[in-house]
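Structures are listed in the sections that come next.
Shared between the two complexes below is chain A, which pairs with chain B and chain C, respectively.
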Partner chain A sequence: MNAVVRNLRVLRRMTAAEIAQQSVYRGAWLIFMLANICVPIISLLIWRTAIANGAQLPIDERYVTTYFVLLGFVTMATSSWMAGFLANDIRLGKLSTWMVRPASLLVGFVANNLSEKFLKLFALVPMIGIVWWIFRDSMNIPASLGRWVLFAFSIVLGAILVFTIDILIAALAFWMDDVSALVQARVIIAGVLSGSVVPLALMPEWSQGFVDHQPFRYTVSFPVEIVAGELSGGDLVAGLGIQFGYVVAAGVLARLVWAAGIRAYSAVGA
Partner chain B sequence: MSYVEVRQPLDRSWWHRQWRHVRLWRRFLAQAVVRETQYRAHFLTTLLVGLVQLGLGIVPTLLLFGFTQEVHGWSRAEVITLVGVFQIVTGLMAAFVAPNLNRMTAYLTEGELDGVLLRPVSSQFYLTLRWINVAELSNVASGIVVLVLGLVQSGISPTIGQVVQAVVLVVCGLVLLTCVWSAMSCLAFWLQSVGPIGAVYLGLVEAGRYPLAFFPVAVRTFLTFAFPVAFATTFPVRALAGDLGWSPVALGAGLSVVAVMLIRLLWRRGLRTYASASS
Partner chain C sequence: MTYKHAQPPVITAHDLTKTYTFHQQRAGLGGALKSLVRRKYETRLAVDRITFTIEPGEVVGLLGPNGAGKTTTLKMLSGLLYTTSGELQVLGHTPADRKHEYLRRIALVMGQKTMLWWDVPAMESLLLHKEMYGLSTKEFERNVAELAELLEVQDLLNVQVRKTSLGERMKLELMAALVHGPEILFLDEPTIGLDVVAKARVRSFLADLNRARGTTVLITSHDMDDIEALCSRVMIIDHGRLQFDGALDQLVRTARPRKLVQATYATPVDGSRVSGLNGVTAVAVSGQTVKLEADRDRAGEVMEQLTRLGPLVDLDVGDADVEDIMRDLFLRRSTLGEVS
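Moving on, here comes the complex of A and B:
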């Protein structure tokens, strides 16, 4: 228990320090978030045109609108960009200096993740608000507070899942020289399978069984579906259960791979 | 004996200046090709990533036309043709323009621009076209394949005149997109860091994947005049299909000339605010 408390204290300090550092680049965050909502808005306009033009989609206009308006927010909130950096720290030996410290190198990455997201929120939320206001007549807004609580909870689980997947990929740097191709592959595959390009509900019939149960759905699509879609109570419980299961499984796997990696690690520059 | 060859002073007439820049650009290209042969793995990964991205980029279009036969007069085959043109345009931009504009912040904040200003070359030309990523041309090749497939499927057989129209429009589109991206990057003179500007450009250019008719009217105006990606993808495909006269071509050429003049002006204004970072 002591270790957890200590790590949390370190995390809090590091996050505060990161926020102070990163807020220097607040202009850059604003521009970044502008880029972040471009593609969802383009997709939104395209699919709305298709529906207005008489395309027979399995989902209605309200679902599509709510989905794409919230998509930019959820992809940001659950994103992780550290795989390349962590792999570099392993490969170039920066890990060595952290191994003699009373906190894990990973705590630094968690702090970086939290602080950047905190700052991005200030840029992104007003933008999403404007888009929401423009499309307010065709948004699905659940009345019950419970849905929003589950939405927030599911985003947190999704963020942990993405972060853990990144640890798994980066940890391969213990054995491989260059993981950048894998990082790129993850980005491309996750783009489609997480639902950030097209809502997963629009995927072909034959792929639904796979699409609904693969882990990437629970990194972006599932939290959005909680608000946008008509998930029944049963679907919700099952979905959250699967999401939680993936988080635990990925966490255990990452723990094992990381421990094995540390044992295989031969320090550079030590 | 002197090893220094006697050289004529630079001919400063307008025509010679242009010609010198063309010769210089040919050197850049030759150097980039030689450089690329040293990094064959880079070429292969660029090719593979480009192919996967092309495939995934078509996914929304294919899914969309799984639910409907046509959208605002565009059939699936025509939109695939458009995706081919989009791939060609983004490939050309990634090969010739992106490697330069992505460095704009470094040029300005690390003082590299100082070295450029001392050379007998237009600094704007140098900063916009110096570096070439030859591997990206593989995406142009795959784009041509998709374009031809789309044309065959949709049964369009353009005449020579229509092909000329399309090519002129694509060139106009490239010039316009370069100008817009350049203008966005020029903000670096005032903001110091514009690293993420490239991300905004890449986000907006995604709209070129779809025909202009797929967007609401206000957005169409934006995509024609403010962020003129329409000239790079939608108009060329409509020209190939033969339902576009010469007037949009003239409009594109006119806009390109205006845009180039504006960006020259903006560059000169920016250069005046530049206080060297290295000395």
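Moving on, here comes the complex of A and C:
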């Protein structure tokens, strides 16, 4: 059995076990979901009020509405929360129990990520469905199935990119005593540059060249723009190309840093 | 418990060395601020050029005081740590490469770290190991049934791990570690925190495992009862150096070459007569009881002399307690002399 097939089988088993484990804490994921959707809904109401009061924005009400209705889902689907946990496992030597077993060290974190997202769907999709129904008349809803397929594909790439960035940050724990400040910085920077707080279209014009090409755009904003915006065919191809490029580059870098980190691992503790 | 095979050693270490680099920081705000600007790095030699081989089926105790280098050695053997220098082969592999073919032939159990999922039954972790190690359903079910019976945990497999006692959890840890049938089992303090009954069960299980499957076991423990019950051979590491490598009784003879003798008489004994005995040292007389150390080679002669001191009621002859020997060795930081 080759390594990929074996790891996939391990992933399937771990995901099932993670779902069983997380089902124990039903209240927690419901609260997480409310938090996930509350911020976009509040932002949506603020921006709609601003437009209704005559604010001159480079985007219209339909874009704003579609953007914030989809934002909660895309943010959840591409999110990763493992950097702090993985860094802790490295720092406290907890990685050891996985290192002596024949499976990828990250498969547990992938399983945790997938299982939580799977469970969150059950709470998040109905919530978004209700918001969608309320604002259905003032949203951009592409008729073409192709757009939705690209939207899904871009979300997958975005999720891989966020996960890989998390590995890179966590791997610094092989050399640094504490990476929690970096983890926190990543959360703040990504919040702004991914478009989770404010649509990137509303960023100052002088910053657009940077904002459009920096990696965090491709973790949240770009997938949402595929549905909400009016990206041309050329924009789509270029955007997906850049997104894929970032995934490959971050993946290669993470692999190199991780391999060097494992050599420096001190497996602290008995 | 030692098996002699015409097979190559399962572990070969030559001049195995490991150093750690770390920075020192003084306590307090001043120290913290100073370390922000300038850090002083130090290198610590944890394992210093140790050389040994381990044959298939051996049960070897790795002993030493805290910080001696025994757990670091175990971590290098199991592939957790890269060696700084020296050569290391385990089952024909370089452990730090952590190849699948290597990892599926070993297991490591750490008394203070769990490999079981906390919130779900142990069976979930076992099923995960089935996939990790590529076990067939038939093989998996047979191993689970056999281990569950040996460890007496049949009723615990479907209980949430966090609801089991420490002793039960250690048995489940052993089960998870052994379900794929490893050829080498590395144990780091496997009985730490367990009560006497649980310790005895774990020891008995490990002895049975070694007998039945010929599993090579390398164990670190501060509990000398573990070592006495299981290990035919011990290696003592101190300051990163291998100070002793041999049979447990050889260690006793080397560290305490004299026999301990306790004689009890029906009437009080005259102390001056005892100190005049040939081949005797360290005499202590208390009423009707005489405690002394006798040269191992002259023990028979000493017994004969003791019978002439008065009406003998009881005579007890034995070796020093391993626990006492180790305590003395660690306090003196070992005077056995190095073997490598």
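Quick note on the criterion: the second predicted complex is superposed on the first by the 268 of 270 C-alpha atoms of A that agree within 3 Å, B and C clash if a C-alpha of one lies under 4 Å from a C-alpha of the other, contacts with A are read in each partner's own complex, and residues count from 1 in each chain.
Here, contacts are C-beta pairs under 8 Å (C-beta built on N, C-alpha and C of every residue); 3 or more make two chains touch, one makes a residue touch a chain.
Because the structure is a prediction, the values reported are computed rather than measured.
> Clash or fit: chain B and chain C on chain A?
Chain B/chain C on chain A - fit side by side.
> Based on the superposed arrangement, let me know which partner A:127 touches: chain B (first), chain C (second), both, or neither?
After superposing on A, A:127 lies clear of both chain B and chain C.
> Once both structures sit on chain A, report the angle chain B, chain A, chain C from C-alpha centres, rounded to the nearest 10 degrees.
90
> Can A:253 be said to touch chain B (first), chain C (second), both, or neither?
In the superposition, A:253 contacts neither chain B nor chain C.
> Just to be sure I read the superposition right, which of the two partners does A:139 touch: chain B = first, chain C = second, or both, or neither?
neither
> After the superposition on A, what does A:14 contact: first (chain B), second (chain C), both or neither?
second
> So in the superposed three-chain picture, is A:6 touching just chain B, just chain C, both, or none of them (first/second/both/neither)?
So A:6 only meets chain C here.
> Looking at A:94 after the superposition, I want to know if it touches chain B, chain C, both of them or none. Which is it: first, second, both, neither?
Once the two structures are laid over each other on A, A:94 reaches chain C alone.
> Closest pair of CA atoms, one in chain B and one in chain C, after superposing: how far apart in Å?
Shortest inter-chain C-alpha distance (chain B to chain C): 7 Å.
> From the superposed pair, tell me which chain A residues show up as contacts to chain B and also as contacts to chain C.
No residue of chain A touches both chain B and chain C.
> List the residues on chain C that touch chain A in their complex, please.
So the residues of chain C in touch with chain A come to 20, 71, 75, 78-82, 98, 100, 103-104, 106-108, 110-115, 117, 119-120, 124-125, 127-134, 188-189.
> Can you list the residues on chain A that touch chain C in the complex?
1, 3, 6, 9-10, 12-14, 17, 20-21, 24, 93-94, 96-103, 263, 265-267, 269-270
> Across the complex, what residues on chain A touch chain B?
Contacts found on chain A: 25, 27-28, 31-32, 34-39, 42-43, 45-47, 49-50, 53-57, 181, 184, 188, 191-192, 197-198, 202-204.
> Please give the residue numbers of chain B that touch chain A in the complex, ascending.
Of all residues in chain B, those touching chain A are 45, 49, 52-53, 56, 59-60, 63-64, 66-68, 71-72, 191, 193-197, 199-200, 202-204, 206-207, 210, 214-216, 219.
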